[in-house]
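Mind looking over this structure? Questions follow.
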């Protein structure tokens, strides 16, 4: 049995509150159970140097946990003077995941930065960040289309992410912190609406798993992401 | 006339929502108009090295603005690898202000860290941080008293902060961003209930002012802080 | 057709030269085609602080590319003052992969650091690092067993890694640099002898793939790793 | 009674030795009792990026204490790899204070950097830095006027700074180190000749004070600054 | 007697293997006994800012020791976030030494970076780096001449380096690690073919020496460098 | 002819003013012509970790140039966040030079830090630092002897340093900035009273020199250091 009493294929309650901050071109607060992430999408005309002059845009992600988003307080990365390897790994994942559903030529010479700041953590912060970032990006791109800054919609599909794992020998969907700490294997899936995979990051912690196990996790993830796609669609209405 | 249409001695709407996050020993979301700051109070038994073994505690503050809390996106300090001078100055101010109303002997060997993260900025983020930090600290100390970890209340009084300035030649209370950018003089007051001053930081930008001007700003600040003391008291009920 | 003329399931020539440096407790130079990585295993009695006093050991990895291991010179990370996100991500992967086949209790209070320094890069440097690190670790552990410092062999199995990808629509094994730059999807598999998976990191670059594609890549990887297991066994004879 | 035997409104001996170093466009060694600060004014044509092309100039300050300017040796900030929050706060104060008496349009596209290096510290280093910086800046601007690089004098008035505090319940002028460590309240005033205030930074340490206390400190500061204005005028003769 | 059994004026076996890596414009692996350094020469059209537009080139060196090139593992400088004083001192020496035999006008606007990475250390790593760097630079310049990128050979002579020291009271040539740790005095000589000196760095450790001692070391160094010049010439044939 | 009109073997005016600052255990301001360096010696009981518990002491040096000690302003190293290679090289040289004349056992478990801060630079700052550091150290050690903290004098001899060079083909003593910028060869000698050498650092810039040239520079240096030994002796009287 799962600590939360959920069924193996049961996700936590998911809510997406758009327009959470007023300055950003797009923003939302996404909650997956007790995990809450504030995502803002900022549109800038300034591209990174290696992207300039190609008539294309860029999408990138940044990620941070507030010092007391966790059970015990962590030192602020700005005070430590550097971002941890974990933070950088997650930032790179967010950027790649969103770029998988954007046509950079249609975006034109704009950069969209997706800032994902974890207000409260209870497992699955990187996957919630990706699912919320799609919503913030969608809102920002809507603004670019409405203002005429771009002519064609550069977003080709929904993208969402969810974690799955093998907990007490059973594949389960949407790990919370208690499960994540104790899981035998842990996998993050970034999926695109229509059955395509953007990214798989599956790690055995302690135990290892086989092809069959990987497939069962992937199928759970597909169920979860289908629900997230619906929640995203509802949020941007 | 003020851009917001407020009277010279009129504060913005102030709300304090306690318990905004579940992990911290105390927390609140304080809103002063469109300025919103999430404050958490974390209690730890680990003191800074120079405080250990004295039978006393310590209170310190940290401050950060989310990258898109402002009109245009700022680079993340963790990515830049260092905190700005402004950030460090504000952090030091928050810590000093709260320590002015804490009896460190009664706090015992506990450290309270007040993390002030600006979700949305519209002027007055440092003063909102201080006013909110008092609430988060009060809640955390209540927990220490309830659990018997400390015997006597170490908090001696309310402390609150507000900015005032000379805008178009008129002293005004609680500057918002538009006023702050254009003010002739700008002062932050940290006041203690009962008429005492914890800190004054008054700067002439462009123009300068005299003793009379300073006094008029101080009197406005006193009015503002009296209202904040009431809002703090209501929030912790 | 592949740029190198290889068949889709054909690996590059693999050689493992043990004892490449004299100071390390274990070392090898692993070559996968033109990719060459020098791996050393260093055994120390000093554990990271959070591991001390548990009667267990630790295995960790570090990774670096020499500045001119690549087509054009890259700035030295020590001169830049920080390790890139990519470097940190790879270091974390190396450590996790090796730990998947070590029983930390049997290792006792020893730390093994696997330093993977890329002498020449032609794609697949992180997977070559993992495959070579197993050999260097095996040699270092043999030394601990021979000296009586530990009593039981803590290594539970071989671990090896290989990249696969979808190149021009065809799943191919062991991407070189030319293929890696142009592949539609790119996956690194860390596999354990006997059919278990330690880690999957699969990313769609440009295009996306589906469950069927993922499985075909996994099966190619299994063929490749079986060959690497044999080369590892031969090298330590 | 004050440890030094001074009357409450008595400043320490003040000397300003101009031309202390030969390379700088302006320089002085200012001594306030045992506090000695070397100030140089450097004129450059290179402005910070955000100031360029406006036809205006900029004035900025830097501050450092030599490692053994204090009772016990402090670690060199260059060796620690970063400037402390205190250093940055003081640097910002020096820059703001001097800019309060400079007309940036008349300065033209020149930047003046005021380097304040504390040779020996005995309290009041930041206020001595400001008072000395005015002299160094005055000398540098005289050079610009003499060479015809600028046509009109951009300096509008004298600016000087002094600390005051409440020591053993009595407001006193110009705190030395022994008083500063023990004072109940501590305030730095930056005043402009003619009765205007550029900056007030007043902090209660331990005790707090009220409006009356603040005014009494301000009046002491006015007396002190009037003496410094005279010493500045004599020095540049 | 020397620990290695060598005669006082006997160098260790010296080998220079050119073309050790395929991407660099010039490369070699130089071995002096058990000291092995991989040197690559990278040619770039991008000059440091202060060298641009003069029609001249630049030659610079970088140096690093692999973490386990030494008896015990050293922390990676990229992980520590800065290069040690020793590393920077050696880098500066390598650059100066090579520049002593290059005519920058004939090199044209090209920068040659000599990366010296110590694979295995047994004393004399900085001198081996210089001797090997000449070979790598020679190969890279041959390529520039062959391609017509430059017209005249900018290299004016061979340069080589060797360490000498006073060991147990006797001047000896080419110190290995055991001798280096115990030597009374230690000197590195960078010599140019034809009897000229590019650099002398002679340090007394523990004991001191006199003019006569310095001369005896210099004469040993001359013998050693003559042998290195021959080995360099043979390597580039 | 030398720009300054000095004879080839003529040093600049040398003055050593002891007791320049009041907090340090020893201090002096050394002037060699227009080069002026403030040196303080700080005695601490805290040794670096690797020296503790051996019953021995340690002597170390630190070096910095004030930003406007030079013709044009240099960026402050504390603001840049790291010390340059040149600074670190000089710091290491100062430490080694002073340690050459100290018996660490007689010093007992004390650390002496010699802070050399260049107030004004006109060539020869590192050699002036060493010559002045001996005086500051001598004064600090006198204090240790007077207080009974140590029983026997650990200083075995005077040490001093001077630069020489080949200027317009002529060996000259004590280069000033104009000569240093234009010299063909440049050498720093650290000599011990009685004819011994502590350190030689000789570099050919542009041209190269031979054994004869090196000897002539060494002989000039000996003359110069004999004069410095006398000035040191006079200063500490």
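Just a few scattered comments:
Think of it as A, B, C, D, E and F in the order they're written, each chain with its own count starting at 1.
Here, contacts are C-beta pairs under 8 Å (C-beta built on N, C-alpha and C of every residue); 3 or more make two chains touch, one makes a residue touch a chain.
It should be emphasised that the depicted structure is a prediction, and the values quoted were computed from it without experimental measurement.
With steps allowed only between chains in touch, the distance from chain B over to chain F comes to 2.
Using the contact threshold fixed earlier, the set of chains in contact with both chain A and chain C is empty.
The most distant chain from chain B, with centres taken as the mean of CA atoms, is E. More than half of the contact pairs at A-C come back, by residue number, in E-F, the repeat among D-F, C-E or E-F. Each chain gets a centre from the mean of its Cα atoms; for chain A and chain B, those two points are 33 Å apart.
Centroid to centroid, with C-alpha atoms defining each point, chain B and chain D lie 28 Å apart. Note on chain placement: the centre of chain B and the centre of chain C lie 51 Å apart, centres being C-alpha means. Touching two or more other chains at once are residues 81-82 of chain D.
Listing every chain once round the ring, from chain E with chain F next, yields E, F, D, B, A, C. Every residue of chain C that touches chain E in the complex is listed here, in rising order: 21-24, 27, 34, 38, 40, 42, 44, 62, 64, 66-73, 76-83, 87, 113, 115, 117, 119-121. By the touch criterion given at the top, residues 82, 84-86, 88-89, 91-92, 96, 100, 187, 192, 195-205, 208-211, 213-215, 218 of chain A touch chain C in their complex.
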